[in-house]
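Chains: A, B, C and D, in written order; residue numbering restarts at 1 for each.
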Amino acid sequence: MIRVQQNDFDIGAEIEALRAGRTDIGAIVSFTGTVRDTAPHGGAKDAPITQMTLEHYPGMTEKELTRIEAEANERWPLQASLIVHRTGALKPGENIVLVVTASAHRHAAFEAAQFLMDFLKTNAPFWKKEDGPEGGDWVDARESDDDALKRWDKSDEAAE
Amino acid sequence: MIRVQQNDFDIGAEIEALRAGRTDIGAIVSFTGTVRDTAPHGGAKDAPITQMTLEHYPGMTEKELTRIEAEANERWPLQASLIVHRTGALKPGENIVLVVTASAHRHAAFEAAQFLMDFLKTNAPFWKKEDGPEGGDWVDARESDDDALKRWDKSDEAAE
Amino acid sequence: MSVKLLYFAWVREKAGKAEEVVELPENIKTVSDLMAWLRSRGPEYVAAFEQSDVIRTAVDQTHVAHDTAIADAREIAFFPPVTGG
Amino acid sequence: MSVKLLYFAWVREKAGKAEEVVELPENIKTVSDLMAWLRSRGPEYVAAFEQSDVIRTAVDQTHVAHDTAIADAREIAFFPPVTGG
């Protein structure tokens, strides 16, 4: 399941909804991305941020998240999965994104959650703008995020 | 922080307690292990289970969990971490273990959570007995859990 | 051909608009052609599409490379590398 | 030397007790010696320590190998490979 929303999400409630009444799940992994109060602005310096604004491409966002989630479910035996991403203005400490995966086994749940985050970071059409005392800056994409994708190349995939 | 308890835990409340008032966290990973309604009993056959009983070694358990948590905090820059493990009789669908890690960056949070689970599985003195229609069986340790440890050998450790 | 163009993040800010509908000349075959044509339309487009190699494109909500043909496209979006999550 | 022995999981079930305090003979130097001596104490210990290579040991709450010296140990625990998590 995927959702794009302005409102906050409740991590505990989302996990409970996913697992409710099920006894075939052995492992549940959640990843929550949150707004930090400082950010590296295209270099070594850490700048304080007072607010982050998340812009996205309505329509394509949902399409990409659905595609990424389907791909994860094809690669790992998941009993359930969830992606929730917020948009709009967010303060430091607030939630940005939630990914939850449930599987019979822990390695599948962990790997699928990491895969979802790596693909979301590089494919889902969201853009962050950070506002600080000296104005706003669009966040630069990070090479490390592109690098993180490489481990999911089909040829490298470890047997589960 | 580590805790061994008979009572259930509330995943959402545990995560909230860990992050409350903090704006330096960028990534929170949680792993929840739950009781499945079937279990492979030393082979290919899946047997139905009606209850699981967790025995442990009071004193040593806390010592091992503390040691494992300290090791994770030494290896990754974590802002917070938590291990909660239940003991006693548990029904299918119930929680067994919770691991939470918080870091500025997602790779550290993901890796530390996996490390905690891999070490807990092979070092913390807990033993599971599964009760089914045909009686009780102590769960056999799995070679795959020993194998999972190997990727954390210091020499193989990937740069963060 | 009439096509809807969408701009996001700093591409939007530099272009000074979030979307527009344009009539594409016949000779515009690929995403690269389209960016070159847009740059010819005014200084705001020059600013927006100056770093064209950095700009990402989606045709009908699917990521595409710059040499992709845009025949039959209904919606073409230009944006910086994504930074969600 | 007086030492507290603890048994867990199927080792406990087979030994028929969770713990006991024993006086160790002088010639018991290692964990292996101790397991051999326990097997000499009765059929329940034979059953518990039959698969001695599978049994794990902790001396004073720290995992140890079977060839570890147990001098000065106050608490020695025997158990199957752990299966928590």
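Criterion: a contact is a pair of C-beta atoms (placed from the backbone, for glycine too) under 8 Å apart; a residue touches a chain by one contact, two chains touch by 3 or more.
What you are looking at is a predicted structure, and each value in this text was computed from that prediction instead of being measured.
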Worksheet item: Where centres are the averaged C-alpha coordinates, which chain has the largest centre distance to subunit B?
Response: C
Discussion item. With centres defined as the mean C-alpha position, give me the subunit C-subunit D separation in Å.
Written reply: 73
Discussion item. How many angstrom lie between the centres of subunit B and subunit C, each centre taken as the mean Cα position?
Written reply: 48
Worksheet item: Using the average of all C-alpha atoms in each chain as its centre, how far is it in Å between subunit B and subunit D?
Response: 26
Response to the item:
By the touch definition above, subunit C meets two or more other chains at residues 85
Worksheet entry | Residues of subunit A engaged with two or more neighbouring chains | 33, 106, 117
Practice prompt. Examine which chains touch each other and state the graph shape they make (line, ring, star, complete, other).
Written response: line
Response to the item:
Pairs of chains in contact here are A-B, A-C, B-D
Worksheet item: In their shared complex, at which residues does subunit D touch subunit B?
Response: 6, 8-10, 58, 61-63, 77, 79-85
Discussion item. Can you tell me which positions in subunit B touch subunit A when the two form their complex?
Written reply: 10-13, 15-16, 19, 21-38, 92-93, 104, 106-107, 109-110, 113-114, 117, 148
Worksheet entry | Of all residues in subunit B, those that touch subunit D in their complex | 33, 54-57, 59-60, 63, 85, 96-97, 117, 120-129, 138-141
